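Some structures to go through are shown next.
In the two assemblies presented below, chain A is common to both, partnered first by chain B and then by chain C.
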Partner chain A sequence: MTGDGVLADRTVATDPDAMLLSVHDLRVTFEVGRQTVKAVDGVSFAIKRGEIFGIVGESGCGKSATLRALIGLLPQSGVSTSGRVEYGGRNLLELGERSLRRLRGAEISMVFQDPMTFLNPVLRVSEQIEEALKQHTTLNRAERRLRAVELMRLVGIALPERRLREYPHQFSGGMRQRVLLAIALACGPKVLLADEPTTALDVTIQDQILKLLKRLRDELGMSIVLVSHDLGVIAQMCERVAVMYAGQVVESAPIRELIRSPRHPYTVGLLSSLPGLDANSRYLVPIPGAPPSMTELTPGCRFADRCPLVLDECRTWDTELLEAAPGHRSRCLRHELAGGGLA
Partner chain B sequence: MSSLPPDTAVRTPVPIGPPRTAYSWVRWRGRLPFIVGLTIVLITFLAAVFAPVLTPYDPNSQDILNALAPPGTPGHLLGTDQFGRDVLTRLLYAARIDILIAVGATSFCLVTGSMLGLVSGFFGGRVDAILMRIVDIVFAFPFIVLVLTIIAILGPGLRNMFISIWLVGWVPYARIVRGEVLVAKRQEYVLAARALGFNRRRVMLGHLLPNVLAPAIVFSMLDAVNNVGLGAALGFLGLGVQDPQAEWGKMISDAQNFLATTWWLPTIPGLAIVFFGLGLSLIGDGLADRLRPE
Partner chain C sequence: MAVLPEAERVQREADGVPLVETRNLSKHYELHGRVLGRVRGDEREAVRAVDDVSLRIMRGDTVSLVGESGCGKSTFGRLLLQLEQPTSGEVRYEGVVFDKDGVADLPRKAQIIFQDPFSSLNPRKTVRRAIEEVLAVHRICPRNARKARVDELLERVGLSPALANRRPRQFSGGQRQRIGIARALAVGPEFIVADEPVSALDVSVQAQVLNLLVELQEQLDLTYLFISHNLGVVRHVSRRVVVMYLGKVVEEAPTGELFEKPLHPYTQALMLAVPQLDPDEVVAAPAVEGDLPNPIHPPSGCHFHPRCPFAMDVCRSEYPPLYRVSPERVVACHLYDSRAADASAADVSPGAQ
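On to the complex of A and B.
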């Protein structure tokens, strides 16, 4: 399993026909005052039908921006997006607002981090679920009501008929996340974009929601893009994962391989800063330093200043994803050393 | 084991929760102003509707022999005015006009002002700039001066009074709602609504409006009080309701010449204005407490 070196073949190993949604060289820049922030800088990935794909990284690394850019949910002013997001033979980034609206909520749904603020406080839960159905389906009022009850059952809410009549504030955090899921699933989407869906929940509820997501994937056969800062969550859920750092994917691999033999020093750092149960991991090992300022990015590897393996050429090379093993790519010149030297 | 109390002891139901009487008293006391306000407005409304049943007189029929009779005169419970018209009758019929002003003038302003504020705040940019400059200009003039100016152009009368209030009165609603929208549109449920593929109109009317309307509704109650006052003031100045129609402000102005001798004549409609205004204010207060989103 040694790396193939700098000049290794870098084409995508997987069959593009099997891909439901593929992202090529996505770039998102924000204009903040006079400065430009490259929030997402050349991100590419692809999701298969029925797959749970993970994106992991710390706050501000561009995870959420990536997800929102996919379905055009970033603010219109001061933001520019480029690249290609292919879904159903179309480039979503070139679709007009009208066509995008037809996709959103119907074929590509989204659940968000904080179920407290993503539900409308003044509308009953039934209204919020049924409204999604009204927008995208031809069901009549009675059918929508039935479907809402069915959805509440699907996401595991007891007494659905009664709870549908309640307002969001009458639900607990975990229950609200279930409601958000019910809304997102209302029209039977093919892709569910989950933006830190469990971050605002406590650990036991988090576990319930994750199991629910997995069950829903199995039952409904949809694909899920799961974004999280928690490698533990990603490891529990995903088949393949991309690690993001400072707006770029720094490593992508099947999850088992990523955990067993990480090939980027940042991933190694993430893994060793995870809390564990064994005696050796009494203390968490932090990654020294802080991510680079997104307004003053220098050429070369963006992790160089924090990297224990840094060489002089790290600061000058045009970084790209190198094939470290089949299906395993790393944006590190010394990827063959990264796992063994540190883990 | 044997030292433990028997299982049944644990299972005996224990009353849980705050003491019932104290709790319900607090709730009731909290709602009292709202209930009182509602009662006052309801009484006024019913009195206006059932005016022909409550008094045998026509508001304009004269009992010349009994002119300026004091309250308590047999057949004229609140006395008569200088033309011998029954004060109670006129008071009740006047309530119709004043309620019409409170509801008609205010609801129109509430609706148009809120809509313009919603559009202004939601779209921002040029639309917002133009609308808000208009609002600034209207705000720069004293409200009553502007209303008087418009009536001066259109001519006195009830209809023109409505038109002039409509033209000026939407402004505060637009400003209130716009401010609320600026905050609410950054809320995440708006993003969530967009993520469901809802169009702008649905996001605006279905999701934003219910969240931003509460302050405007509360303000509309105060505004209704002001409009009743304004209607009375215009009636007093002779620019609103015209003779011989009864209106509270008009009744006061008609009676002003007799202030020294028959002080009750202007006082009675004055009290009616205070009574109705108090009711509206209390409702506004109560709504302010209730409409706060949880």
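On to the complex of A and C.
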């Protein structure tokens, strides 16, 4: 470990709230034909060591693009990224591909919704785990083999020696996600980026993987950024959460506050559209309309057209996150009127 | 299937004849390509997608079928519409058995809504043509009345008739599902199988479509079989719930009772596994260990026994019959054998925690 590393560790030990990774004004723009799509438009957040931070939103809100942008996983062409992603005293957005490569997998790794897409179907699982170790560590072959067995145990795969010799297609969906986790954890990353890691899984398997993620966080002390469309998943997993809508964070808060006293009309709408909150009514309370087209964004609040609290000035103000309560921010002029949430 | 005279239909309903009923319905898919096995004369392997399912759906009811992937819920829905032929058992519609001669009438009474309406809509046809086609095929209304009928159907599902000349890709997911519903309604059905109708939709849009389905049921007196893996949605829409596991019904109950007190250990696990919105309602241990078994070689005895925390010796050897535990509830679990009644698993239900 370098001197810098030791120093960094000491800083964290004295200040438990020190941020491990912070994102400032992240912007991602896609060029689609002659149009530009601001998929991520000024997103900022920071995560603490050992914290599970959630990003929740509906399809197209920019949550996955945000996550991928952090470690340079967006396509090279037709995409421009700006802002700052600070980690270990560096701005990750300025790193070259080689430095990023050294970082990815070793310090920051990622798991995705569909593990099969990221596993090589013609390589044994052992080769794929050992590959990660070969890239980022100085372990020799025998050590790598031992470490692979350890990792398989860590993610809860029974008979690890035997299963290491198998191919991805011989694993069920849940087991594949565990394998992907084993690869992601191979080098003991400090941050795990998880993009809808359980969305393709059945609910009993999802439950197992979520609990595994929590256990791993507790045992390994890493931070997790969890992206999901499912508020239940976020509520069960995260300490703090950011809600995204049309490329922007519209609300960020500790999870209990967000669920019990949401302060943005969109979050309120999301919660009230969920079946099961009011068992007495046959009708749900949906959010009317649909999200705005990302190619035809108008000034002002992007939720204005669907908002029950909308005023004229909502359509013109230069939106920003306002402090609704300590640690609780909302991109809404009328946040003090937004109410609802879990009783 | 013969059309019943109205008087007889009313009489049958009074007698308690379900609108749709299955008796010991099974669908097995044989696996091919095991040449050696065939040469050796081995018994052909088969996936028992639906295995001996008997179910009654009364007129005006909403029955939900829940379970995880591969439990046979979609196959069951397709069997009801004769999109698949059963291996054994029968389907009755208003008490009349489906058979090869009588199918012609069925599509006008029973329709299906799919999860992904985009893949069931022709991308090159306008919405108007897609719906007019249904009217034409089933000879539902004369050519000159079709346009008006399409407009009416679109309005019914909350779409502006002005959009009728657009193609499917110009619509959002929620709008496409509305088109799928309009197409199903075009024939004036009384029974609709909704196969994961909102699973592909975002929650705010999901709520819009669920409301539409409830509204249509009230306006048009529809009967639904609702297939879903989402327990929240199921709880919201249905009056009765049937839980399936590996092709078998493991529990059936009125919705309120099921969610209040699930009886089958699998149902309990399913409910415990749903991530709760309340961050303080935390369950530390996974609801159930292990993976779904291979459906080609399901475990002996009760299929759930390898994952069941209450498994007893009998569970490993004998598949449990459906025990009737109250007038409206059945459960396929040895724990509810009257001889073992004291060993009730009631105390482990989520409600008790």
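Things worth noting here:
Note that in this section the second predicted complex is superposed on the first by the 315 of 343 C-alpha atoms of A that agree within 3 Å, B and C clash if a C-alpha of one lies under 4 Å from a C-alpha of the other, contacts with A are read in each partner's own complex, and residues count from 1 in each chain.
Just so we're on the same page, contacts are C-beta pairs under 8 Å (C-beta built on N, C-alpha and C of every residue); 3 or more make two chains touch, one makes a residue touch a chain.
None of the values given here were measured: they were computed from a predicted structure.
When the two structures are aligned on the shared chain, A:Arg256 is found in touch with chain C, with no touch to chain B. Of the two partner chains placed around the shared chain by superposition, neither chain B nor chain C is touched by A:Gly33.
By the touch criterion stated above, A:Gly96 is placed in contact with neither chain B nor chain C. Looking at the shared chain after the overlay, A:Phe118 reaches chain B, while chain C stays out of its contact range.
Set against each other, chain B and chain C differ in how many residues of chain A they touch, and the higher count belongs to C.
By the touch criterion defined above, A:Ile71 reaches chain B but does not reach chain C. Once the two complexes are laid over each other on the shared chain, residue contacts for A:Asp230 go to chain C alone; chain B is not touched. Overlap of the chain B and chain C interfaces on chain A: none, as no residue is touched by both.
Those residues of chain C that touch chain A in the shared complex are 68-69, 172, 174, 202-208, 210-211, 214-215, 229, 231-233, 235-237, 269-270, 272-280, 282, 284-289, 291-292. Contact residues of chain A toward chain C in the complex are 58-59, 172, 174-175, 202-208, 210-211, 229-233, 235-237, 255-256, 259, 269-271, 273-277, 279, 282-288, 290, 342.
On the chain B side of its complex with chain A, the touching residues are 187-189, 191-199, 202, 206-207, 210-211, 293-294. Residues 71, 73, 100-106, 109-110, 112, 114, 117-123, 131-132, 135-136, 167, 169, 180, 183-184 of chain A are the ones that touch chain B when the two sit in their complex.
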